[in-house]
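Handing you a structure now.
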């Protein structure tokens, strides 16, 4: 029992071997591959024998119960039938390909792909779990993609593979949907459960959607109309691949599923009315097109489509006997079609072309091939004493039987006969056009029968065709029996596998088809012309390409519409989204709350006027950038004043310091940017922006109003209470910053450090043109460092340092702290640069500034880590009073170290940024001077 | 001395912080040394993450009170199954990205390792923090580091994309502050667990304000998560960023998704009265729309990097669609999908770089180029990753998508979800097949010669391919974990209790009830000096 | 000694400044202030390229007094000019050759000119040899120059530059 | 006073947004700065307005402004500074790399 | 007495602020705007000193100090930009 | 008595502050306007600072002299600011009612037309004094 998964696993593991084996010698990869297939076949024998006794073997292993996915394999009649087809025809193809592939074709890769495909097919047919089945189903699509695109440098191979993948892969996704629905209906993805649940499935409202989705999978895989067009294009694959995929395996996966789920899904009107017409249409369209193809493989491809249509139609008819016929035709089609593909491959190989208009009279050159092809084609045509005849008879019989149900069903046997006649016609054409019909002209090379071993696979298959055709019940009979039993999940109906059933309507139809076929073939020339004028231009690939182009074009058009690389567009979307959400949140809710408000005083009002003037001025003068900057600094100043007024001295100090550094920064940058902004926004654009701005402003204004007019209560009471006992400081804001929420502060200086690093990175090798004049065209003043400024700024430095120390030390208890102190020091130093120049200042500053960033960060982090030593979480603080004689109480807190770290980072960063930025011009100018020296 | 195990929650933040700081201090040191330090840091982080994961796997919530200040007054870190898993995925991704980077792409610009470490710090902090404002801080850390990483290597495309990315995110940060501010202004607290309590007891006249703030916050997170229409920044940014950077970016959209999940399950979850399940309807619709728009982008892309960037958008849409369904199964499916998609898209970015490098001037443009000497290897890896990302079996994306669809089976959204997820999978597959066959099969004889890829460069890519497969093999245990994580998310009461009445980890002392004012003080406040 | 206390005057000033800042003269603060007054000049010494030598401190003190008084006068004068009829303002630029040479003295002079009645130093030539002064009532430039020379420049020369 | 603050926040936001939507980097930077002023002011007043009662503990005072939003704003200001500095330098970088100062790197 | 003086003081300084603002707005030259801004800074120092006295609290003194310091630095930077373009060179 | 003194100082200070700004609006060219804030406003704020110092010395224990610091600071910087603004104005040739100094003089001071030159002073060694 446990070797069920092994049967599937062996080809997958074996797929790794050929690429290695090929290093030993090309043939070795074939033998190894054959060995792998043989091994799998050998493993099938023992369980196969039990299955032939009517057992159903199931091997199951939990995998992903939550999903309903288990590793589960099943070997019953149907599976066995397919396993044997896959392995035996697979072996023949392996043998055939050994001689087929050219010297320059990488053989290892070919066999690896083939084994992957084989394993996927085996897994598919042996799956007991539907999701697992689907996984193998998609694996067949992928491995066939690899096989079809094997000759990857050929455009048609790539394209054919892509079309196949798109159609069958897409079908697979539909199938996934169907299976999920089916699983939802049944409550399990186990095939046994699903097959046993037929009645309840039909009753479920999800039945039809599930059915449609599953059938989409089936139809695409089995190349049913209107998804059939991928198959002819898959003919770009090497012929062994076609022989394998399009006779016994890939395309049969669809009808396999039809058979597999037959008990669960068939028997409803929906089933019949979808499956049968699709089958019939496919049967006819395939047969019709097959006749008109000039390419040998094209003919076989459409013939395959047609036969698959026939099988589908049989399952669509839905009676047990029709199912028997369907299964039987699956087997027969596999044998004669595989041999025909191989024969076509030999012809192509030997004659150098597959075009029937160029081929003729090959009988003289390759009689053995001709004979084999003739027999196989006869089987395809449904000539008595060959296997194709038997299943086709059964098919004719079913159509006649169906005709008795309804008045209008008389069409069924008629259409079936027409399809039969077309099959005869294209089979005739295959033989006569190629092997007879005069003598070949201008063939690329002189054909002759291929090497012995290349013919063996064809011979084996043709022998089967004959053997089954003469002795059906002794050959395929037992296997068909168990397979049908598995398909129907019950006793097989009475059917007889006999060559001679007497003079039945079906026999008449067969004869009619043979005669009609001969007639059609006889008048082929006018028919070709007629077809050419009517349908000559319809090319499925062109259609698909057109579809693909349309898809590409429309997606590109949409893409350009959506993904405009425009910052303004992104911002408009973002701001609009925020507005929509705010509106949605507020909708229908009261805006104004009930809190008591503060009165307005004149000072505040005039401050607000300044603020408004500054903000509006920034907007109005945004084209005169320098002026806008001046206006902006008014805003910053007023904000700081507001902080002072509203009891936030620390904030005011920070705001002022940051403001200062920002203005210097912006001025530094502005030097390298245009001083004016061009007028380029259109009026509608301006109006849109204005509207958005007003809405945005209105929204935040309302939000502010809404919050401010509501009473509230917060956790900060605790902070006020615990600031002294817990944090050791009376400046609660500072205690929060360095202690209660010190982690935020650590993050904040990290942000600064990263910003500095990023800026440092960006500024390296930055080359910008240094303007030689101001925006009015005036050259710069040559007084680089005005003396008066230089003199007094030097005096300011020690004063500012003193102030900074003062601000730092008192921070924990009074407004101040490391951050502000750091900024004051920075500004004082920046002042030196402003007044004295970089070179002068740099010579006088002891030490580098860069390490301050890392050291500060390290100090802050290390302070936090220090608490680990005492067994407390990161950043736990400690504080206390140190009483020294004379000096008095000294308040010490571990957070001061933390704050010192903050200060170091701030100094390092501010200076690194500003000085680096300042140096751009210096570097550029030095370059310019060097250049002028050279010119002199 | 203390038992280091008590500090495992903060380790994923401190390890990269210290590594990054060390690298800052060793400014100008030799590349091999920097790489070694960086790699050691990541390995240490990986160990810490694993340790953390193991500690929370059985359902424990670990609460770490920074500065020994109890919630809601101090900042706490909280590790539950979800956050630990996010940290773990980040670490794994970091390892791969670093393995790739030290093959040379880290030297295309400067400061790579520093920025990388700080980005990790930001990511892990965002996953672990239990405080809304602290989340903002970590967002900023990861953003500023990502700005630097995006620009790493320089060039016009990066400057332009970087400018867009930075400005958009700066506006996003402003919105974040408006939202946090409003929440504080109404509810008076910042701790997420405490916010949850207060939202649950919200008087009706405050509902509008809090809802506005919550939805505004959603905009911010949706921006990070690249939810349509706020995804516009992503394709440009991710396709312009260097491979060494963008590999780690794959996790960044997940931060947005994570935050959505965290905030809207905890604060605005089922208990939130009129604000319960606030964003789920939006998520569902926008998530699906994101998948569609991402697919359009994938179809329209003219180069592989852009295509992969759009794949990130799709994956984000898929995750958020799942989150929008809201059920435990759906959250679990979304998480399952999320972890693998981060790895797979990262690997695709790394592969893109390798392909681009071998193709010379053709780079990653989707047009016929030189014949690739390693087409089999590169193409094979591409195939595996493409299948994984498109949701084709047997790779990880498939299971993820199936789980999402399955979770939607008994909801009204089933038809939409199935139709969109399946059809976009097909279109993605088609686009990837087209891209793959153009890059690896189609050759232009005039294109000159391609070079061999650096095999070591492909190791992380191959590792992800293997992981993707293993992710399917071990789907069941992984899913059990995500299912448990989802269950934990859906019972926020445990989280709230752990945070507000919890014990400190370090010191191991039981806390007093959070209502009393004495709570939150260090065990012997004011004096272990 | 010179390296330990590069700028004793500065140190003294800083100590005073510190005490001003902290608004306290406790021993602790004096100690801390002294420490800072020692350390900061040590660090910033190199920024002071020119050592200031005060030759006649009393003269400098007297000058300070003069300037302070003049500032008051200046303000009253300016107030009258601003509020009064604008026609009374007859502005003009005056070119004034400088006799002081040192950095500090030139800068001090320029500042004093600006702070005192009706004049404002608008530009110092790069070679420090002359000053352009803007005067609100600049009809008689010679008189203004003479007054500046006598009132401010000469004391500065005497106090800071001439031996 | 509340109305004055609300108006100020609204005005700053409006001006910020308008400038953000301009096409050149420098006005955009100005816009970002204005917007962050708006945000900072907003975040700050979430602790409500109070005059003359800074959160510096004094023996004879019971009234204090809410210190927590102040601390948050401090953090926000500092982070905002880092971000602004970054974006300013990035604007220079973009000017150098793209040859103009349009936010989309191309002259319209 | 003191309160009245303070009220008048506030009023006068407020008017001064508005006048400075007016000059800032009307310009017309760039140096005019620097001058106006500089004056505005000093005016706010005056406001802060008055506020200090009014609230009988010296908590705002540092703000005044910093405004004085930074007003100067700002003026220097703005003026140097006009004459040299490059303010740190 | 002290209160009256403080009140007086406040009134004087605020008055001069206003005067400075008033001149800013009233006077007719930049060079004229430069005189008023430099003198009046500085003095005004100085007066207010003295008021503050007196007030706090009077109201609170100990002497409060830190205001002096701000005043000293303002008196040092105000003329420097004015000087730099005037320099900028002359550089830009901001018009003056009385006419600007001759162009040759301005060029000598401002170096219009001269090529920018590297900072000469930077080449000095910092240890050199005098």
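Per-chain residue numbering starts at 1, and chain names A, B, C, D, E and F are given in the order in which the chains are listed.
By our rule, contacts are C-beta pairs under 8 Å (C-beta built on N, C-alpha and C of every residue); 3 or more make two chains touch, one makes a residue touch a chain.
By chain, with names taken from UniProt: A = Monovalent cation/H+ antiporter subunit A; B = Monovalent cation/H+ antiporter subunit D; C = Na+/H+ antiporter subunit E; D = Na+/H+ antiporter subunit C; E = K+/H+ antiporter subunit F; F = Na+/H+ antiporter subunit G.
Note that this is a predicted model, so its numbers are computed, not measured.
> Considering only chains that satisfy the touch condition with subunit B, which of them also satisfy it with subunit C?
A chain counts here if it touches both subunit B and subunit C, which gives A.
> Give the identifier of the chain nearest to the protein's overall CA centre, each chain being represented by its own CA mean.
B
> Centre to centre, using CA atoms, which chain is the farthest one from subunit F?
Here the answer is chain A, farthest from subunit F.
> Counting C-beta pairs in contact, which two chains come out on top?
Summing C-beta contacts for every pairing gives the maximum at A-B.
> Round to the nearest whole Å and give the separation of the Cα centres of subunit B and subunit D.
28
> Go ahead and note the Å separation of the Cα centroids belonging to subunit D and subunit F.
30
> List the centre-to-centre spacing of subunit A and subunit B in whole Å, with centres computed as mean CA coordinates.
Averaging C-alpha atoms per chain gives centres 18 Å apart.
> Using mean CA coordinates as chain centres, what's the gap between subunit A and subunit C in Å?
Chain centroid spacing, subunit A to subunit C, equals 75 Å.
> Residues touching two or more other chains, restricted to subunit D: which are they?
Each of 20, 25, 28, 38, 40, 42, 45-48, 52, 54, 56, 68, 72, 75, 79, 82-83, 86, 90-91, 93, 96, 103-104 in subunit D touches at least two other chains.
> Would you mind listing the residues of subunit E that make contact with two or more other chains?
Answer for subunit E, listing residues that touch two or more other chains: 10-11, 17, 30, 34, 59, 65, 69, 76, 80, 82-83, 89.
> Can you tell me which residues of subunit A touch two or more of the remaining chains?
In subunit A, residues 565, 567, 571, 575, 629, 645, 649, 670, 700, 703, 707-708, 712, 714-716, 719, 740-741, 744, 747-748, 751, 754-755, 758, 762, 780-784, 786, 788-789, 792, 796, 799, 803, 814-815, 837-838, 843-844, 917, 925 touch at least two other chains, as defined above.
> Which pairs of chains touch each other in this structure?
Every pair of chains in contact is listed here: A-B, A-C, A-D, A-E, A-F, B-D, C-F, D-E, E-F.
> Where on subunit A is subunit C touching in the complex?
Subunit A reaches subunit C through residues 782-783, 786-788, 790-792, 794, 797-799, 801-803, 805-806, 832, 843-844, 846, 884, 886-888, 890.
> Would you mind writing out the residues of subunit F in touch with subunit C in their complex?
Of all residues in subunit F, those touching subunit C are 16, 19, 22-23, 26-29, 31-32, 34-36, 38-40, 42-43, 62-66, 68-69, 75-76, 78-80, 82-83, 86-87, 89-90, 96-98, 100-101, 105, 108-111, 124, 126-130.
> Quick one: in the complex, what on subunit D touches subunit A?
Residues in contact with subunit A: 1-30, 33-34, 37-38, 40-42, 44-58, 64-68, 70-75, 77-86, 88-93, 95-96, 101, 103-104, 108.
> Which of the residues in subunit B end up touching subunit D in this complex?
Subunit B reaches subunit D through residues 133, 137, 140, 144, 147, 151, 154-156, 158-160, 162-164, 166-167, 170-171, 173-174, 177-178, 180-182, 184-185, 190.
> Using the touch definition from the top, list the residues of subunit F that touch subunit A in their complex.
73, 76-77, 80, 83-84, 87, 91-92, 109-119, 121-126
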